[in-house]
């Protein structure tokens, strides 16, 4: 764990979310921030996205506490927080302007923001859409742009919720490549996916969720070779 | 049919003669309606933003109220303002009756609910779409408002244009509180009513054409502005 | 969520906006003359064009600007009673006398008269063109159920019309909506309805002379004593209306009943025809 981090680890204890009598999330303790790629696996409706949202402060749990670096999430500083939603929400502006936006809101000068945005576009292979309206991009371009936007602020953690769920193989590959190199720079990556093969390709660690509960937390190697619980076994073999 | 086309051509003839009185009337119409619109936006847009983003007790009541006020008959607004501004009324000492200021007030009352309701609508949709993302950016509250308004700019512009349209088209309110006094409180719509009641249909129609023409010019230029803005850069 | 913290910024933007708007309003209102009076009068008087003719004469000799609010007689009287006028000039003597009796007006003066005429379609369905008997004319209209457009708005013209029906012993009210059309509007709008429905109508001669949409209609009945229409002028009283401009109003009333004002009235022509006949008692000064 990066000792100079201001927001890590993300820690949740006693988390509980109940809706209409159904338990959607029931997690005693979870701690995110280890280096490497941590995949959160589970069936649809297992609570993967919900867990992320609770830990990110987007959803308030009915019970339990969320802390970032020991401090209450009420005082969370999102400036160093990276979160990529499943369906990117982009502003009604050009692709470049979307990348400049977070920097400008941090107080960067227009000139510096512009330079950094150009660099990010180039790195993501998106220079051809620099001035295109973000709303008319293809699905793959939108997700890659969203990823670039998350990275442009140099986050201390990168959380990605099904980033390639509806993408073509080429865009998927591009994004997976970015994830790998990001993890290589020491930034913890949390990846929610229902794609087992993607997990096999990318994960260093696995957190397995089933019906709102964390049933196992293992290294990727041991998870796929020797899953700890029955449900995990079933999940892998499906 | 012959009568109608005769009137039409008479109207054009009058327009082309560039009557000084006509310019005075057009000028006053624009001053009154645009000033009322500024006022309405100053109150309406922040109100709309407030209603769109902050849940507070009684918000539903205010929403219903604003929606209802959107459909206020202008003549009723005029009547109520007359009673308030009348010399023997509560604000009579201000001596605002039969002045352009009273007309601006009346139109502001008519237009503010429209701007508020339509801004609320536009910003509500924006807010729903962006609220999570804004949180993830860690945006401050001013930033959020500024960004919402900019993102909703075209919808807000439509709201403003709707308000302007309402102001320029109404006659009931300005007639009662303005008195349609020659060279003082006579605007395009009240003149159209006046000339119609005098049987001078050509003049009335001509003014009607001018009124529509001005509205057309305003809307067309804004559309052109938007088109070129889109074509060149994206804010 | 946001507005509480935005209050300082919003209020300053708001404040700036208010200043701008007020400046515009002030510029629009301050452009007006120092000395002015407001006359509450009727639409028929305005539509005749009389004011456009005589008021510039008054303004030139007195330096006082005159602002005319022209509405229906009832509304004019109400407006004046609300203290929103300095002078009342209408043509409904009983109502004018009541206005003074109730303390709203100082004194009523005869100012001028014009006459009413019955106008109608050229083909004259009720066969009344040229009749010299007003009662017979109205009875013919009623019997033939020909369309008749009435002001229906309690104005001076309307009241005169009702008096005539009474004189003819005919009650048109039960037929309201059938052949008797009550428009509830001013003279011009009522004439529009008459033209549109091929109906007869009672109108003052001056409005008819100035009316621009005659479409072949003619004057069917005219020149009979019951058709005279008397105008009265009253200065609003400071007893009920403390802010009334008594001096300036008095100047106007004096002028319009003086030799100069009466002469101006008599000189007004529509298509070469005199439409108003001055008859103030003290026309000697």
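As written, the chain order gives the labels A, B and C, with residue 1 at the start of each chain.
The rule is simple: a residue touches a chain if its C-beta (ideal position, glycine included) is under 8 Å from a C-beta of that chain, and two chains touch if they have at least 3 such contacts.
Values in this document were obtained by computation on a predicted structure and should not be read as measured data.
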| item | value |
| --- | --- |
| Category of the chain touch graph - line, ring, star, complete, other | line |
| Middle chain, criterion being Cα centroid separation | B |
| Distance from the mean Cα position of chain B to that of chain A, given in whole angstrom | 47 |
| Where chain A and chain C are represented by their mean Cα positions, the distance between them in whole Å | 78 |
| Where chain B and chain C are represented by their mean Cα positions, the distance between them in whole Å | 31 |
| Chain B-facing residues of chain C, complex | 1-3, 5-6, 9-10, 13-14, 17-18, 20-21, 24-25, 28-29, 32, 38, 43, 47, 52, 67-70, 82-84, 185-189, 191-192, 195, 210-215, 241, 243 |
| In the complex, chain B residues that touch chain A | 129-130, 132-133, 135-139, 143, 147, 151, 230, 233-235 |
| Touching residues on chain A, where the partner in the complex is chain B | 56-58, 76-79, 81, 83, 85, 89, 91-94, 97, 101-102, 105, 131, 133 |
| Of all residues in chain B, those that touch chain C in their complex | 3, 28, 31-32, 35, 38-39, 42-43, 46, 49-50, 53-54, 86-89, 92, 95, 97-101, 104, 141-142, 144-145, 179-182, 184, 196-202 |
